[in-house]
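The next block holds one structure in the form of structure tokens; read it before the comments.
Should a chain be cited, it is by its letter among A, B, C and D, assigned in written order, with residues numbered from 1 in that chain.
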Amino acid sequence: MPKVYVTVIGGSKETDQRVLRIAEEVGRLIAEKGAILVCGGRGGVMEAAARGAKKAGGLTVGILPGFNRDEANPYVDIAIPTGMSQARNAINVLAGDVVIVVGGTAGTLSEVGLALAYGKPVVAIKGTGGVADLLAGRRIGPLTVYSASSPREAVELAFSLTERDVQTA
Amino acid sequence: MPKVYVTVIGGSKETDQRVLRIAEEVGRLIAEKGAILVCGGRGGVMEAAARGAKKAGGLTVGILPGFNRDEANPYVDIAIPTGMSQARNAINVLAGDVVIVVGGTAGTLSEVGLALAYGKPVVAIKGTGGVADLLAGRRIGPLTVYSASSPREAVELAFSLTERDVQTA
Amino acid sequence: MPKVYVTVIGGSKETDQRVLRIAEEVGRLIAEKGAILVCGGRGGVMEAAARGAKKAGGLTVGILPGFNRDEANPYVDIAIPTGMSQARNAINVLAGDVVIVVGGTAGTLSEVGLALAYGKPVVAIKGTGGVADLLAGRRIGPLTVYSASSPREAVELAFSLTERDVQTA
Amino acid sequence: MPKVYVTVIGGSKETDQRVLRIAEEVGRLIAEKGAILVCGGRGGVMEAAARGAKKAGGLTVGILPGFNRDEANPYVDIAIPTGMSQARNAINVLAGDVVIVVGGTAGTLSEVGLALAYGKPVVAIKGTGGVADLLAGRRIGPLTVYSASSPREAVELAFSLTERDVQTA
């Protein structure tokens, strides 16, 4: 059975504990469903999501902007340095079948745009601030950023959106 | 004297003549100021902006997503195929000292995010729809997307924003 | 204890069974040492190396040139589509602590150059033809491509070269 | 009439005055033929080639590895920072219709491989050392690196190789 990959995006400097708990819960639910968690590998939301996935025994991948695996957070199993700075955001979203947004600022904004441009469904969790709140339910050209009210709703929605056309590996 | 590079972003499939005229006017004003116009090299807003710059005798650069210069619009002087699809959006904004947004959908959204992540000032022209209207005046983390009401205001603002720290080439 | 990542490079269209057996043996030995195998994810040498690693219970990563995980060979555990065509070669070598070369043509040549440019040690297996034979023992600027005569010698040498400065993840 | 783009590659730290004069002569001849010179924008061979092109009134493009146009040599007209480090080598060769090699070390080696992988003809000038001497006349898989004995022979050969299938811009 093909594996599902879910990319979680959000701010690397997020410090709001409520938002970080939401990210961790998203990571946990993704792992419980047997999917691989992909993220940018850094701190904040990425670290919280990876920690949640690891607590549930999941597998985590971090696509890093720099040159060295040392920059990955400790919950990343597979760290891929790209040496491409923000251009790695394109890979980060391409690696997922679906993207879940928790808060976020400029880098996250770029990832939503890149994900939509690559035809990936995007689910934003309302109430997490930043880019997630800005774009939840918003139409961007012919596409819509899906809106979810909780980690569980986001993950359920994300998986339902991938069922139609999951890639295999 | 160092040259200024201005990146203009917007939808490749834009068909609204009013929006395309605005893009062309932006291109013309950039060229009249002696700056180099950078764009994604494709159709729609990019083509209109490049056409405007060429009519004013300017120099235009197109950073292409594909492998072949054939995909550039006819107003691009220097066409750079990247073979990197949407990841080329990162280069497109990095090549400019400042970014001007006219309308736009997913790719444009990503470029605004990438520009902000790279510390480039971004000016969105209100009333051109899409991403420009969504983000004009909006705060993204600690940064703000500047808002302008006309091509002239956008270009004047863009140049004033680059004066502090123009890169040289 | 930090994991070691070893990148194996070689032709995607390699059909020489002797060379493919060497690649498979390299993959097996890498996995037996508990390291993660990184490759370009496609056929030929990459597939043989990944198959060897999987037979030994290892973990394999494929950094793909295209947009879809479907293009990965069946022995890749974690498939990362980059959408960047040959530019993904830079990521492929950056993801490894050391690079082992088996045969290879143009893409492999580029990966040796990129690996050296990024300061990664490169070990070429003599007698596998192509780029490996061309560059084994060769000096490129101030650097030398190491030469090995067998899969075992190549893997032993590769690990000894990473011991000085293994990155952690 | 479509413009021809010629990429010149070679070491950024080349100090051999004879080799630098050859690079400068290559740049001059490219400009005299009305073609655009593309290079990596840095020092050494790239700077010499760009200087030669500028002395002959040509137009020069530099595809930079870093984030800032300041890193371009003074003979680059259009400087494109990519923020992608060595991965920019892929763009550097993709931007040319043909590639000319003068000396060179690791980065140059990668560019020859990338050029061949992208189907670009590559001409190496014998007697300039490094990668050029290593690969001149060498077969890489089904492809051959062309060999030339002088700047003039290299440029004549390069143009003849592009005549069959010049891209337009």
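Note that contacts are C-beta pairs under 8 Å (C-beta built on N, C-alpha and C of every residue); 3 or more make two chains touch, one makes a residue touch a chain.
Computed from a predicted model, the values in this text were never measured in an experiment.
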From the options A-D, C-D or A-C, the pair that copies B-D, where over half of the contact pairs coincide: A-C
B-C against A-B, pair bridged by the larger set of C-beta contacts: A-B
Between chain A and chain B, centroid-to-centroid distance (C-alpha), Å: 28
Chain centre separation (chain B, chain C; CA means) in Å: 40
Multi-chain contact residues (two or more partners), chain C: 67, 82-87, 90-91, 118
Contact footprint of chain C on chain B as seen in their complex: 67, 82-87
Residues of chain A defined as touching chain C within the complex: 5, 36, 59, 61-63, 67-70, 72, 76-84, 90-91, 94-95, 118, 167-169
Chain B residues touching chain A - in the complex, by the definition given at the top: 11, 84-87, 89-91, 105-114, 116-118, 130-131, 134, 138, 140-143
